[in-house]
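Take a look at these structures.
Each of the two complexes below includes subunit A, the first together with subunit B, the second together with subunit C.
Right, the complex of A and B next:
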C-alpha cells in the first residue's frame, strides 16, 4: 500500500496526526461529564509542563527541579496582561510565553555555567523563593492572588457548553500546538545539537556546536512552554503563590520521570498519572480507612512506588521501553529472516 | 509495508475508541435535583480549617454541622437528613476554587452554604460560576456589599450586613463621639477592606493614619510596624477592620508596647475568644473597646437563641468552646434549614432560591437587625447595635442590644430603631 504523496513528508504526517488527535479529544470532551472534562484540562496542562521539563532535562541534559517557578511567571504575566490590557485571550497567552521565555533566557544565561546538582539547587531556590515575591508587591495581589477571565464560551456552542469544556478546549488546543512546535524543534538541527551536547559535550564542541549557547536556548524554549502551562493553570484557577508550591515542581519532575525523560510523547502518560493518582488514592483511602493520616499519605506512597518501579524496570519510561521492545523484536525477526 | 499496516491498525483502533466514546454518551443528571434523595440532602461548605486565618473561623462549619445533626435527630427537614460536607480552603481563593469544584463536580451537592471569605467567594463565583450553573449559594460568611447584586450573583444570598453598612454606622458614631481626636485605621487590602473604606467615605470620616495589610501577612512582626506607626503619629482612636488574627496581633503588640488608644473592633475580627486563643494577650486588654454587632453576644446567656445554641453545642459539638463563631455557624444552619423547609417537600434549586426571596425576611434567627430578603433585594441583616467590651471579653450594649442602627450599603441615611426579632421556633426546629 502506498501512502499518498502528501503524506510522504514526515512533517505533514506529524501535522495530520496532531489534527487527528485534536479531533479525537474534541469528541471525547463532548461525551464525558464535567468532572472528567475538568480533569482533562488539568491533564493537558500537566502534559505541557512535563513536556517543558523533558525538553530541558531529557534533551538538553540540564536538570531543573524548579519548573513551578516558570509556571508562576507565566501565570502572573498572563493575569497582569489580561487585567491591565484585556487583549484577546490568544495575545494574553502569547505574552505569557514570551515573558517567561525572556525570563528563562536571563536565567539560562547564568545557569548555563552550572550543571548537575548546582543547577538543580539554583532552580530549587527559584521555585521556593519566587512565588513569595507576590506578597511583597501590592500589584501582585498577595496570598489572595489575581484572577483573570477568559470570558464565557461563545454563544454559538449552545447553552449546554460548560465553562470547563471551554477551559478544556483552550488547554488541549494550546498543548497540541505547543507539542507540535516542540516536536518540530527537536527534529531540527537545534534538537540534534541539544542531544549531542547532552551525550558528550566535548565531542559536540569539536563538531562546532556552541554548547553554552544551545543550553541557553533550551532554557528559553523550555521556560516559554512552562510559562504557557502556568498561564493555563491560572486560567482554570487563581494566580497566587499557593498555586505554585514546591510540590508542583516536584510533581512535574515526577511526572517527567514516570513518562520517561527522553520521550516527549510519554509526557501525556505523566500528565495522566498526576491526575489519576489522587483519584486512586481517594478510592483506596475510602476503602481502607477514614483517617486523615492515611488519606494524606496514600498519594505519596503510590507516587513513590511508581517512581521506584519506573527506575528499576523502565528507567527511560514506559513509552521508551515499549519502543525498545518493538525494536528488539524487529531485530530478532530480521536476524531470523536472514 | 508493515509500518503502514501498523499505522492503519492504529488508525482503526483510534476510530473504535472514538466511536465507543460517542456511544457512551453520558446522560446529564437532572440538574435541579442534584444532591437530593428521598431521605437526604447534600450540602457543601468551604472554610479555613487550617492556615493563618483559621483560628476561630475553623469553628463555623462544625457548628453548622452540629445544628444539622440536631435537626436530623429530630426527623430532618421534610423527612430528609441534611448531610454537610466540609472542605478546608485555608482562606486561600485558589484552594476555595478547587474545593468548590470538588463539591460541585464530585460530591454533587445541592447547594453551597455559609462559604467564608470575601476574596474566596469572589474567586469561586468568577471561576466556578455558581450563578451560571444555578447552584444556590446560601448565607455566605462575608459582608462584602457587592454580593447583594442579584444580576451579578443570581443564586447568592449574603446574610451579614455589609462592611459598608458597618463602616457607615460606626463612622457616624465616631463623628459624633470622637470629634477632634486623631483617628487611625487598620484594614485588609482587598475587596473586604475596600467595602469598609467606601462606607467610611460615605459617612464622612477621615482617618489620619490608614494602614492597609495584605491578607496572609498579618503577624507579630507586621503588627509591630503598624503599632509603631500609629504610636508615632499619636493616634488616639484605632479602628481594627481586619480578620481575627490581625486584630489579635495588633492588640498583643500594642499591649506590650504600652500603647493604649481607644480601640474599635470590626465585627469580622472582633470575637474575644478567638483573640484570646490566637495570642498571649489577656482578654482584659479589650476592656473598654468599642464594637458593632448584629448578633447577640455569645456570652449573653439570657438570650433565648444563645441559650438554645449553647445546649446544642454541649450535646452535638462536644469539647468546643462556645463563642461568636460557633453562634454564627449555628445561626447560619438554622437559616439554611428554614430555607430548605420553605422550598417544600420536593425541593429544587429554583424553589430554594424562590423560598428565600419570598419568605426569607421572616425566617427566625438570632440576628437582632431585620432581614431584607425579597424578590428584588439580596440584602440580609441591615444594621448593627453598638457595644463596649467588658473585662471578660463580652460586648455590652452601649444603649440596649435591641437599639439597632439600620442603613444600606449605598448613600442612604443611618436610622436608629428598635428591633423586633422573631421568637425562637419550637425546639429551635424549622417551621
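Right, the complex of A and C next:
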C-alpha cells in the first residue's frame, strides 16, 4: 500500500502526516505526568481556536477579536446537548460545531458587509456581552455555569488511564481532524477564493468570485471550529461566563498573531506560547515576589509586549519572517554568484 | 411622568460619559484611521492616577485636572512612540490592514497589566466628590443625584471647549483639514503629523474625563472600563465614526435609550439591546446618522 504512487497524491500525503502526528502525540501523552497531559490538552484546544482565527483573519481578511464568544456558544451548546439528550460524545461535539456554525453564519451575514474597524468593534462587543447572557437565563446556569461531562474513559484502556489523559486524547484527536479538514478547505477553490478576496476584492469579483458570500462561508467555518474548541475547553474546565472572559478572546488573537496570521501550520506555535506564558509568569513571580498582583498581571504584560513587537517587527508572524529572511539571503547569494 | 423625566435625566448623565468616550475614539479615527482599543487602557491609567491623587491630597479638582493632563500626555506618547513607528513600518503584507488594531489591543493588555502591577487587581473604591443621594423634591427622592449633575456639567464643559477649539481656532481648522484630506492639508502648510499627535492628545484627555466620571461610586479595577469602551464604540458608530457632533449625539442617544431599557425592561436586556442597535446601524446606515456629508463639515 505504501507505494510511491500512493504518496504522490498530496491529499493522501497530508492524511498520512496527520495520522503520524496523532500517533506521535499519543506516544508523548503516555510518557509525561498529569500536569503536562492537562497542558497538552490545553495546547490542542488553543491551537484549534487559533486555527479558526487564522482561517478567518489570515485567509479571508476579516479581523475578529471576539472569538471567545464563539467558543462560549460551542461550550454551552455542547453542555446543553449533553445534559438534555446525552447522546454519544461524538454527536455532542458535532452538535456544538453545527450550532456554532449556524450562529456564525447568521453573524457573518452581517459581518461580511463590515470592514476592518467596524468588524473588530462588533466582535469585541459580542465577546464582552454574550457570556453575560448566561446570567439572565435560568437554564444556562448563571455564574456557576453548567458542567459538561464527557464521562470516564472506557474501561478497556485500563485503570491507569487517567481522566486528563482521556481529555488529552479527545482534544488532540478533535484538533487533528479539524486541522485536516481546514487544510483541505484551504486547498480547495473556497480557500483560493478567500485569499483572492483578501488580496484584491475588486479583482476577485471580476473573476466571478462572490466575495461577500465567500466571507460569510469563512465566518461559518471559523465559528464552527471555534465552537468545537470552546466545547473542548468546557470539557476540561467548566462552562460558565467566567470561563470565556474577554481576555480569552485577546489570548486567542495574540496566539494567532504570534503564530503568523498567514499560515495555519503556525497555530501550534501560538498554542504553545499561550500555555508557556503563564508558566513563565509563575516562575517570575516565584523568584521575584510572591504577590498575587505579579502572577496575575505578568502574563498580560508578556502577551501585550509580544503582540506589539510582533506587529512592529514581524507583522506576518515569526515563521514567515524567517522564511522571508532566508529568501532574501538566497537572492543575495545568487546575485553575488552571477 | 416623573419616572419618565428621571429616566431621561439619568440617560443624559450616562450618555454624556459614553459621548466623551466616543469623542476620544472619533478623534483618533479621524487623525489616524485606527479604532484605538487601547483608549480603555489609557483612560483606566488616568483614572487610577486620579484615584491616587484624591487619596493623597483629598482634592478632587486637583486630581481631575492632573489626571486629564496626564491622560492627554499618554495619548501623545502612544501616538508618537508607537503608532507613528507602526504606520511607517507595517504597510506591506496581508496583515497590514489589521496591524494597527492589533497593536492597540497589545497596548491595552500592557497598560492593564502595568496598572494591575502598581495598584493590584483588587477593586478600589473611588469616592464620589459630591453626594450620590438623589435630589429631594417635595417628599419624593429622585434617583438623579448631584453626581449625575456634576457628570452632565463636566461633560458639557469639555464638549464646549472642544467645539470652540475645533470651530474657532486655527488649530481646529488645521485638525479638520488634516482629517478631511491629509495630502491637500499638507500642501497648504498644515503639519499633518503634528495635528495627528494633537488629535491623540485630545482623545487621551477626553477618555480620561470619561474614565474619571464613570468611576465614582463604583469599584475601580484594571478592566472596569471595558464596557465603557464598547458603549463608546457603539456611540461613535451611531454617530458615524467620523463626526464629533455625531459622537456626542450618538452617546446621548445610546445613554437615554439604555436608560429606558434599564428602567422599563430590566438590566438583562442592556447588552442585547446595545448589540442589536450596533448591528442594525451597521447594516442599515453604515455611515452613521452623521456620516459622509455631515462628518466633513464638523
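Here is the rule we go by: the second predicted complex is superposed on the first by the 317 of 338 C-alpha atoms of A that agree within 3 Å, B and C clash if a C-alpha of one lies under 4 Å from a C-alpha of the other, contacts with A are read in each partner's own complex, and residues count from 1 in each chain.
Everything that follows uses one rule, which is that a residue touches a chain if its C-beta (ideal position, glycine included) is under 8 Å from a C-beta of that chain, and two chains touch if they have at least 3 such contacts.
All values derive from a computational prediction rather than experimental measurement.
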item: Partners on subunit A (subunit B, subunit C) - clash or fit; value: fit
item: Greater subunit A contact set [subunit C / subunit B]; value: C
item: Subunit B versus subunit C as contact partner of A:32, first or second or both or neither; value: first
item: Partner chain in contact with A:264 - subunit B first, subunit C second, else both or neither; value: neither
item: Subunit B versus subunit C as contact partner of A:55, first or second or both or neither; value: neither
item: First, second, both or neither for A:199, with subunit B first and subunit C second; value: second
item: Vertex subunit A angle, Cα centres of subunit C and subunit B, expressed to the nearest 10 degrees; value: 80
item: Subunit B versus subunit C - smallest C-alpha distance in the overlay, whole Å; value: 8
item: Where subunit A meets both subunit C and subunit B, residue numbers; value: 135
item: Parts of subunit A lying in touch with subunit B, wherever the complex brings them together; value: 1, 3, 20, 24, 27-28, 31-35, 38, 135, 138, 142-145, 147, 149, 152, 160, 163, 236-238, 240, 242-243
item: Contacting residues of subunit B [partner subunit A, same complex]; value: 1, 4-5, 8, 14, 17-18, 21-22, 24-26, 28, 90, 92-95, 97-98, 101, 105-106, 119, 122-123, 126-127, 129, 132, 189-190, 214-217
item: Footprint of subunit A on subunit C - complex, ascending; value: 29, 34-35, 37, 82, 85-86, 89-90, 92-103, 105-114, 116-117, 120-121, 222-223, 226-227, 229-230, 233-234, 237, 241, 268, 271-272, 274-275, 278-279, 282-283, 286
item: Residues of subunit A touching subunit C in the complex; value: 57-58, 61, 63, 65, 110, 113-114, 116-118, 120-122, 124-126, 128-130, 132-133, 135-136, 198-199, 246, 250, 253-254, 257, 261-262, 291-294, 296-301, 303-308, 311-313, 315-316
